[in-house]
Amino acid sequence: MEKGTTEEKIQAAVNAIEKRGYTARPIPGGDRVSIGILHNKGSVDAAHFLGLDGVKEVIPVTKPYKLVSREFQQENTHVKVGDAVFGNGSLPVIAGPCAVESEKQVMSIAKSVKDAGAKIFRGGAFKPRTSPYSFQGLGKQGLKLLAKVREETGLPVVTEVMDVENFDVVEEYADIVQIGTRNMQNFSLLRRAGKSYRPVILKRGMSAMLQEWLMAAEYIMEEGNNNVILCERGVRTFVRHSRNTLDLSVVPAAKKESHLPIIVDPSHAAGVRDQVVALSYASAALGADGVMIEVHNNPDEALSDGAQSLYPDQFFDLMKKMNAIHAIVGEK
Amino acid sequence: MEKGTTEEKIQAAVNAIEKRGYTARPIPGGDRVSIGILHNKGSVDAAHFLGLDGVKEVIPVTKPYKLVSREFQQENTHVKVGDAVFGNGSLPVIAGPCAVESEKQVMSIAKSVKDAGAKIFRGGAFKPRTSPYSFQGLGKQGLKLLAKVREETGLPVVTEVMDVENFDVVEEYADIVQIGTRNMQNFSLLRRAGKSYRPVILKRGMSAMLQEWLMAAEYIMEEGNNNVILCERGVRTFVRHSRNTLDLSVVPAAKKESHLPIIVDPSHAAGVRDQVVALSYASAALGADGVMIEVHNNPDEALSDGAQSLYPDQFFDLMKKMNAIHAIVGEK
Amino acid sequence: MEKGTTEEKIQAAVNAIEKRGYTARPIPGGDRVSIGILHNKGSVDAAHFLGLDGVKEVIPVTKPYKLVSREFQQENTHVKVGDAVFGNGSLPVIAGPCAVESEKQVMSIAKSVKDAGAKIFRGGAFKPRTSPYSFQGLGKQGLKLLAKVREETGLPVVTEVMDVENFDVVEEYADIVQIGTRNMQNFSLLRRAGKSYRPVILKRGMSAMLQEWLMAAEYIMEEGNNNVILCERGVRTFVRHSRNTLDLSVVPAAKKESHLPIIVDPSHAAGVRDQVVALSYASAALGADGVMIEVHNNPDEALSDGAQSLYPDQFFDLMKKMNAIHAIVGEK
Amino acid sequence: MEKGTTEEKIQAAVNAIEKRGYTARPIPGGDRVSIGILHNKGSVDAAHFLGLDGVKEVIPVTKPYKLVSREFQQENTHVKVGDAVFGNGSLPVIAGPCAVESEKQVMSIAKSVKDAGAKIFRGGAFKPRTSPYSFQGLGKQGLKLLAKVREETGLPVVTEVMDVENFDVVEEYADIVQIGTRNMQNFSLLRRAGKSYRPVILKRGMSAMLQEWLMAAEYIMEEGNNNVILCERGVRTFVRHSRNTLDLSVVPAAKKESHLPIIVDPSHAAGVRDQVVALSYASAALGADGVMIEVHNNPDEALSDGAQSLYPDQFFDLMKKMNAIHAIVGEK
């Protein structure tokens, strides 16, 4: 649509699209509103809509994904949560423990990471674990502890949702809902996330192609939720010196294909502390839209993933350098 | 337990285990009953149970998985569905289209595959699709068509369940419930399947290690469902001449680790018809406990995965040769 | 060329091609001779050659490889060595130890595998080893022991050549020269193999695409050696239950693209004896043009790769079943 | 050995080691000389050597590799070439075209990259190409053009050697000899490189484990050449948005295991210009010991790999930012 088009004209365009049997999905960008035409079979005749008031142009999307594509929306999507903005060129950092373990633990870590400059607190309440006999998280009690963290520190919180059944309660407590690696193609969960009023972090599947990942994001956007943040967290390869192989080239590749922000989680990829530090610097240098890092006040006794969690002091130093690096690369 | 131990003695052993705060899970094998001790922290003192009536021995399980392990139960699990038995050295074949499309389609294919010797009919009613804009299956209507197939042909049917929400209805109509590749680590779904009265086919995740796959099966068994059939369907590699790389070495490897039956689905792995034929022969020769093959009466117009579906005549010929191969290798 | 074209007419066509600045490479097939036109820049004008005596048709090759392509030569290439023919629908088996260790060892194994029906003896004299401190093979002395095996048993022998420097001596002693996985893209070695009067087994690289592998074969054929046998031996993936992942789908895929025979080496792929047995049956069922299997008279004391070597009795039984399987599948 | 031990004492220790049938390999570190004991079978009795004059301690190496291991030599190896030092915490950059094409081309590029701050010039004279029909490089003429570049600009040059036959001539013209990805386990070539008086860049194989790569470096060091520089250039994975997947976590992992310097080549990994830029920043931030980047004066007409070559202006800007990033991370 033209810049500054009125709500009425947008609604008129939506009506015109839907009268022809398509679905219309208006997406506000920085300067202008785009309207996605979905559920067409075959191509759409541009002539139907070009004459409408306020319509600037009709762009056919040649990719298998539509709403997530840069073709459809050229400007970056900005996802705002508390003080943080993902996608505007800044480098918000999400930090916290792998799992919420106790009030004392989360409060201690939250204060450390806030002091160091983190903008969002992370912590798992429902934990996806390979073994049914491993610690599965504190569940709703964990969510309540996260809410306390937010109250006391002012930091928004992000936590993972593992199924549709618990979506309502996670959505109630969390500021950002995370969909984990193993659920990247859990389509029922994606659809539910698409109906959420919360921003969603969508982690890349263990062996997902870029196109499959963007398609998973399309499932969310197709249901009406435009606040999707992609998160690279390492893929499975033959390599054995790290838990997974962090695929940093996916960051510029995703930015070329899509307007969605993309952040990096080096902690799960590496699985070892000293690699996490090096890869965090690399992520900052790369132009990622954010970094998510595990920090623990007592990594050696953490209930999960201790070996990859940074010590608070280490994180403090890391933040200083990451910000300095970002200042150099960000100047475009 | 000893061979021929009475129900009372088994119950007494179960009580003794639970009194110590553990979970007891009795699993009937061919000749004898094993009782799994779960949810112990640290090792279990064998002395507590060795003196009990009917207890033959106490075997510590050294693997991260317990109930699924060959250590815990040495005899093969037999899963019986209609005329088919998975795990007893026979080679039951599951055949049918990728997706249920219409009554005419499924009836035509079901008759063909039954004539050729297939023991179970497959067909997708709920389809997991990479794109939200692809055909998503007929849903409940598809399940009803599968029920009609069973009525008319006597063949049991297997179909995929994609989420907990639809589990009840799938369980009602299907004789075997399938959990797909993308959901191998959807732990909520696995737990629900563990409470089902139906056998479960658990497909291997796109990049799952053998141990992760067995752990996923453990989630199902831990909830009480012992009728789990593993299904290899190809893993993601750098290879481009086939859709995925069928990992046939996982069949002997899984049999060494676990007592569960394991079948092979060459159709999804290959993605191309002539590879499917060759890999089906290979699967029969390998000692798999079954094969699952896509057959379509009109592959060129199939709504999904047509290129990998066999023509009915091709399948008829394939079955003859697969059975002949199995007769050679089976004679142990 | 037409069937039964005379040598003179072929030579005339060759001259006509070379006069235009191209390279002509005549390749005898089953019924007719094809002439490859190489080193053209841009497309070749068919009109130049269509009128020549004996020329049947001019087929443009659309693949990046030419001489190896099925487009260029539709009939299978037959590579004959002793009693064995690779590519004519039979299933010749190559067997022997990983490394030549002593006269007693090779004689004992050679007699066993000959009795079991193997057609060719294998044994490494020059061994490519990951570590410089591992046993590197007996070198020329090993070649002499292989020659003794041939004298005593009548079996042709195959052994690996690791570099151009030792090519002459390997070529002198071996009936088939093998180029190993790590050297699949050692282009100098490929060119030397292309000038050899011996057939060449070209193993697939650890992570080679089918197209790269065929291109490596093209290097050999481009120099004039048409007797190339492809050998699948497993590729590197994330999998840990076997040493490499045997990619059986590459067999039908290669046969579609190329007229060259393709055999399978399950021993190096699996790395574990019981997987080798299962995968050998699978290879026979698949339609491979041969199988290469490691057998050792005393696997537990083998100087390399003992765990994957079969016992002679095991191999005897395996051969019976492989032949029975092949009899079923071969009847096309 | 103790700091400041005399040549005589070192020679005496070497003699004592060799008298017992071992090979002794003295390696000068920053402050002290270490002597590797090679070709022992079983463990070495430290008592034999502890009493010798100048011997400080005897450290058993528990890794499969010895000379390359950090266990054996704790201090970083410094490889000096012209003004550049690899391994001392600086970030020398190697830049130039994929292939040497003409005098005009290399001179133009060499001047640009020197102005931008590159310390070493790269250019391929012998090119390993997947197809025998692709441009194979200018060969010896290319080497002469590289020598001219050195004369005119003062920049040392690095170029690839593909085989033992051409090693002498490459060694004569090049300041650093590069062993390419496809030859990482060409053991004859590694041994020849071990006898060279030139430093060697050893690129990681397409699917090499860290341990295999270090073992390949061990082949070179075992022959007496200590000036080995490792180079990560991307590994083969299922990913399709980049040519290979740059495995940056191997940099901290290699530094932990080995004292050898390790550099990164983002150009070959990415295959696309905008990814090369992002990954170069990431490499600088990561703590790599150098970066190797392709630059071309006219990428669109390059004879090979044009799409991944940077424009000279782009490279100029890149260098400024890489140096600024390195200044932040380097301050340890």
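Lettered A, B, C and D in written order, each chain numbered from 1.
Note that a contact is a pair of C-beta atoms (placed from the backbone, for glycine too) under 8 Å apart; a residue touches a chain by one contact, two chains touch by 3 or more.
This one's a predicted model, so the numbers in the text were calculated from it and none came from an experiment.
Taken together, subunit C and subunit D share the touching chains A, B. Centroid distances built from C-alpha atoms place A farthest away from subunit C. Between subunit A and subunit B the centroid-to-centroid distance comes to 34 Å (mean Cα coordinates, whole Å). Separation between the centroids of subunit B and subunit D, computed from CA atoms only, is 50 Å. Shared interface positions of subunit C, defined as residues touching 2 or more other chains, are 207, 236-238. Because contacts link each chain to all the remaining chains, their graph is best described as complete. Within the complex formed with subunit B, the subunit D residues making contact are 236-238. Across the interface of their complex, subunit A is touched by residues 207, 209-210, 235, 237-242, 245-253, 256, 269-270, 274-275, 277-279, 281-287, 321, 324-325, 328-329 of subunit D.
Against subunit B, the residues of subunit A that register as touching in their complex are 38-39, 64-66, 128-133, 162-165, 182-189, 205-207, 211-212, 215, 218-219, 222, 236.
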